[in-house]
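Pasting a structure below so you can have a look.
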Amino acid sequence: MQARSEEELVEELKREHSDLLVEAVVHRSKRVSIVAKREKLLELARLLRDKYSFTHPVSAGAIDYIKEGKMQMIYYLMNPESRFMLMLRVDLPRDNPKMPSMTQIWEAMSFHEREAWEMFGIDFEGHPNLTHLLLPPDWRGGYPLRKDFKGEGIAP
Amino acid sequence: MDVVTLIWLYILGLVRWLLKEAPLQVINFVRSLPTLIPELIRWLWDFIWFNFKPLAQIIVIPGLAFILLFAMIVVWFERKFLARAMLRIGPYYCGKRSGWLQVIADFLKLFFKELVIPDDVEKALFLASPILLPTIPALAITLIPFDSNWVLFDAGGLSLPIFLAIAGLAPVVPIFAGWAANNKYTIIGSFRTAYLYVSGEIPLVICAAATALLAGSLDLVDIVEAQRPLWFAVPQFIGFLVFFVGLILEAERTPFDVPTAETELVIGWRTEFSGILFGFTMMAEYVVFLGWTLLFITLYLGGYLGPSLFGVPLYDHIFWMLLKLAVIVVIVVLIRTVYPRLRLDQTLRLGWNYLMPLALLNLFITIILKWGLMI
Amino acid sequence: MTEPEIKPEVMRISWGPQHPMSGQTRILIDVDGEIVRRIIADIGFTHRGIEKILENRTFIQGIVPIERMVMADTANIALGYVQAVEEALGIEVPERAKWIRSLICEMGRINSHLYAFGLQVECTGYFPAVFLWTTVDREVLLDLFEKLTGARWSYSFFIPGGVRADLPEGFRDEVKRAVKYLRRRFQDYWDAMVENPLFEMRNRGVGVLSREDAIRLGATGPVLRGSGVDMDVRRDEPYAAYGDLDFKVITEREGDCLARLKVRFHEIEQSLNIMEQIADEIPGGPVRTKVSLFPRSKPGVEALSRVETARGELGVHIFTDGGMKPYRVKINSPTLRNMYVFERLAELDRVLVADLPVILYSIDPWYLDCDR
Amino acid sequence: MAERFAAPIYGVIDYLLTWARKFSIWPIHFVTGCCSPEFMQVSGSRFDMERLGVLPFASVRQCDCLMVVGVISRKMGERVKYLYEQMGEPKFVVSVGACPTGRGPFYDSYATVAIDDLVPVDVYIPGCPPRPEAIIQGLMLLQEKIRKECGLRAGKE
């Protein structure tokens, strides 16, 4: 089967699964960004893995938009055939960031979600082992990568 | 009678003895001197030799000085040689641009270093085992003949089995040491030692038995003397190879240094020893190596015999023994630069699947050979 | 990290961070005799918060901290960041600068691969010869780096808009000489390692990672290619001068430690070829475009640049908010992905205690890259 | 009086002791950060620190030099302290690189600490990473320090 190109994927997703997404754009060649609805995330992820064969997880990370009052979790995914980077994004409210864990779909997201948990305080429901990854186990300093982190690390 | 009279009488008697008897005594003594002096010298020589020979054996060879010197030289040589293989120089500034004092510096430093004894260790065993470690193989070395009349411990014609018995005791100590240290790395290391010794020692014993069979005696001197026409390395070539591999295995040298594998188990059962205790364990490695190498030379390479040219033996001397020892040390160190370490299961497979059947094959060949010779 | 509970039949051993072979991480292993039942990687011992630091640096200042992620491979890491900055700020790079970047990246890759298989060899207890030979041959590359950039390891040579300096006089000949020397040396390595029967015994069939597992667990770099997946950012998404260069992507099918080692070996050969090509064919022209020292970004731009480092794919995702500093920099580090693979290997394949360091160093971990 | 007779004996022992310690510095196999490749180059062929008798060793118990190579994170800081306590006297600490000495390029990070907050240091080697020559010089400074200060009677005069 010929792997779908970036535009084909976006078109197909918009055509067939518009209820699952908020937005789907091609940033530039090899960069596709999908913003998923938070409640339909698991469904979309399963679809991406099984139907569109995005079986190769790359990474995951979050970003804190303090002015908009939201956080965005980004999953970087790849299809071993078509080899472009798919960014699956979810918007989360900043005061209660909670979302289903993607480890059910892509096992290898475990480390990245643990990192996001300790760095941003995003709670992943269904993660098997949500403990500190990079910070010391007795870390009490807050969430370092949030924009309102007032510990060390703020330039003088 | 009063006291004065008695004294006078005594003095008079003395004067009379001096005048009449003493000259005769002196003349007799002077006359016997020429025979007495050689007697005395011989007696003194016997006295010194009788006491000196064991003393020299205990202190010089194969005693403490020899073992210590061997360990020092081998450590120095190994470090220098490995450094060359790594395209480096090795120890250099310590001792006149050659590094030959490096080992002494290390030893002194270890000697004066604090002994850390962790809380949870079994104290008595923890302190005793590093001292026992070099002692047991050193005891075994006393049985090795360095010349036909230079054997420290005369075992009454049973020196080979006694050697094997004593050397077989040595692996028990690392097991105790690892257990006493109460550390996970040490306990894994000591279990590995146990596995390794069992798989390595049995082929060694079978090979040794074959040589004893060929020589017709269990005495090491007899075994050496039996090699006068031909070193046993030739008629027992398989045994020779098996024994060599087993020797490296027993001494935990590189292809088989599984119990003290640095990259896996810090340094195995030695992990918790500090200061001079560690120095002893380090020395023990070389003493074990020395013991088995000496046995190897004795059994297969003609011990103290010089090479014989067409049946005419060259002068037998300790020197030949040391020369053979040096050659084997060089070969074993060379092997360390060339091969990586085997895994435990691969080592055990080598021991049981290859060394053991080969040793048995060697034994059967020897039996057939001996039988043929008897007919 | 809090420790998960132990099953009664196993013994838990903590490797590191002080252990001859652990590096800067801690690995908890549950052993049953000699068999490893479970591996738990406790990383984070070198976490410096680079992502946070980068938010507090201007775009050009950020080169210095991010370079410290992988010391042996600073060129590739810096290139990932610099390219992302260029994309975010819309800076063009002259052609010659791209070629110089590729040259230094390939030299860095060789440097890093030397490090990798030096350590993998040391793990097998083959410490003496090969491991320190690699330090000898690395000096050749380090001298070249020093001549070109002025530093041995962390040279901050790439800046947005090009490279800091042009190639010095006679540098191309020196590159060719170094390539010739290294070719000869790598034949020695091949003989001493892959042709050595005992070394092969230790590496063949150890830590086997199948193709499906490699994809599913998100392996990258030589680990992924060692399992037969044909993925290389240099070819899939050409950056710098790789579009014009001629090289092959190396894959091996076995997926064991030896396959990963072979992939690195052949990649070094390819890198040497690339170095030669660049030394021969590098175009003329300027090496940098004028960029302000404190470039200001447009708000709401994001740029994800992907670079094939020696350890695998590095992604640097920069978000801007219109200031002189990036709003957020997300670094997708290759080692973190491979560490997850390592953690799972005990379940996929039978791992013995003695195999553990070999497997660990066959994925070529660089914990500073992993922890950021 | 006793002092006068004892002085030469102490002198000899002192000389031997400092000489042995000086030429037998065994650092632990322990790296905290990113100066490790440069440290590896120092043990390599061109610089070869074994010339000075420096032999990296595996277990803490036998070592007498803690070479803190590279940045110390908070998580690692505890380990550095722990390792220092595990070592037997006499023990020395060498801080290699800018990061342990003064947190280096990560001066404003939430996750790094400087070595001065953890253990006493004998020699600081600056640089990011220090050149191999600098590391060798640092080791020679340490030797000099041992020669002067680590005898039997050190600190008693």
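We just call them A, B, C and D in the order they show up, numbering each chain from 1.
Definition applied: contacts are C-beta pairs under 8 Å (C-beta built on N, C-alpha and C of every residue); 3 or more make two chains touch, one makes a residue touch a chain.
On a predicted model such as this, the values are computed, not experimentally measured, just so you know.
Path length between subunit A and subunit D in the chain contact graph, taken as the least number of steps between touching chains: 1. Listed by label, the chains that touch subunit A and also subunit C are D.
Distance from the centre of subunit C peaks at B, each centre being the average of the chain's Cα atoms. If you compare C-D with B-C, the chain pair joined by more contacting C-beta pairs is C-D. Computed from the mean C-alpha positions, the centre of subunit C lies at a distance of 30 Å from the centre of subunit D. In whole angstrom, the spacing between the mean C-alpha positions of subunit B and subunit C is 51.
As a whole-number value, the distance joining the C-alpha centres of subunit A and subunit B reads 68 Å. The geometric centre of subunit B is 38 Å away from that of subunit D, both derived from CA atoms. Shared interface positions of subunit D, i.e. residues touching 2 or more other chains, are given as 44-45, 58, 74-75, 108-111. Touching of two or more other chains is recorded for residues 86-88, 262, 266 of subunit B. Among the residues of subunit C, those in touch with two or more other chains are 19-20, 44, 47, 49, 52-53, 56, 132, 136, 371. Pairs of chains that satisfy the touch definition comprise A-C, A-D, B-C, B-D, C-D.
Those residues of subunit C that touch subunit D in the complex are listed here as 17-20, 23-24, 44-50, 52-53, 56, 64-65, 68-72, 115, 132, 135-136, 138-139, 142, 152-154, 368, 371. Touching subunit B in their complex are the following residues of subunit C: 11, 13, 19-21, 31, 34, 121-129, 131-133, 136, 196, 198-199, 201-202, 352-357. Only residues 28-38, 40-41, 43-46, 58, 60, 70-71, 73-76, 79, 83, 105-106, 108-112, 128-129, 131 of subunit D touch subunit C when the two sit together in their complex. Of all residues in subunit D, only 16-17, 19-24, 44-45, 48, 50-53, 58-59, 61-62, 64, 86-90 touch subunit B in the complex they form. Considering their complex, residues 79, 83, 86-94, 99, 101-102, 104-110, 112-116, 262, 266-267, 270-275, 278 of subunit B touch subunit D.
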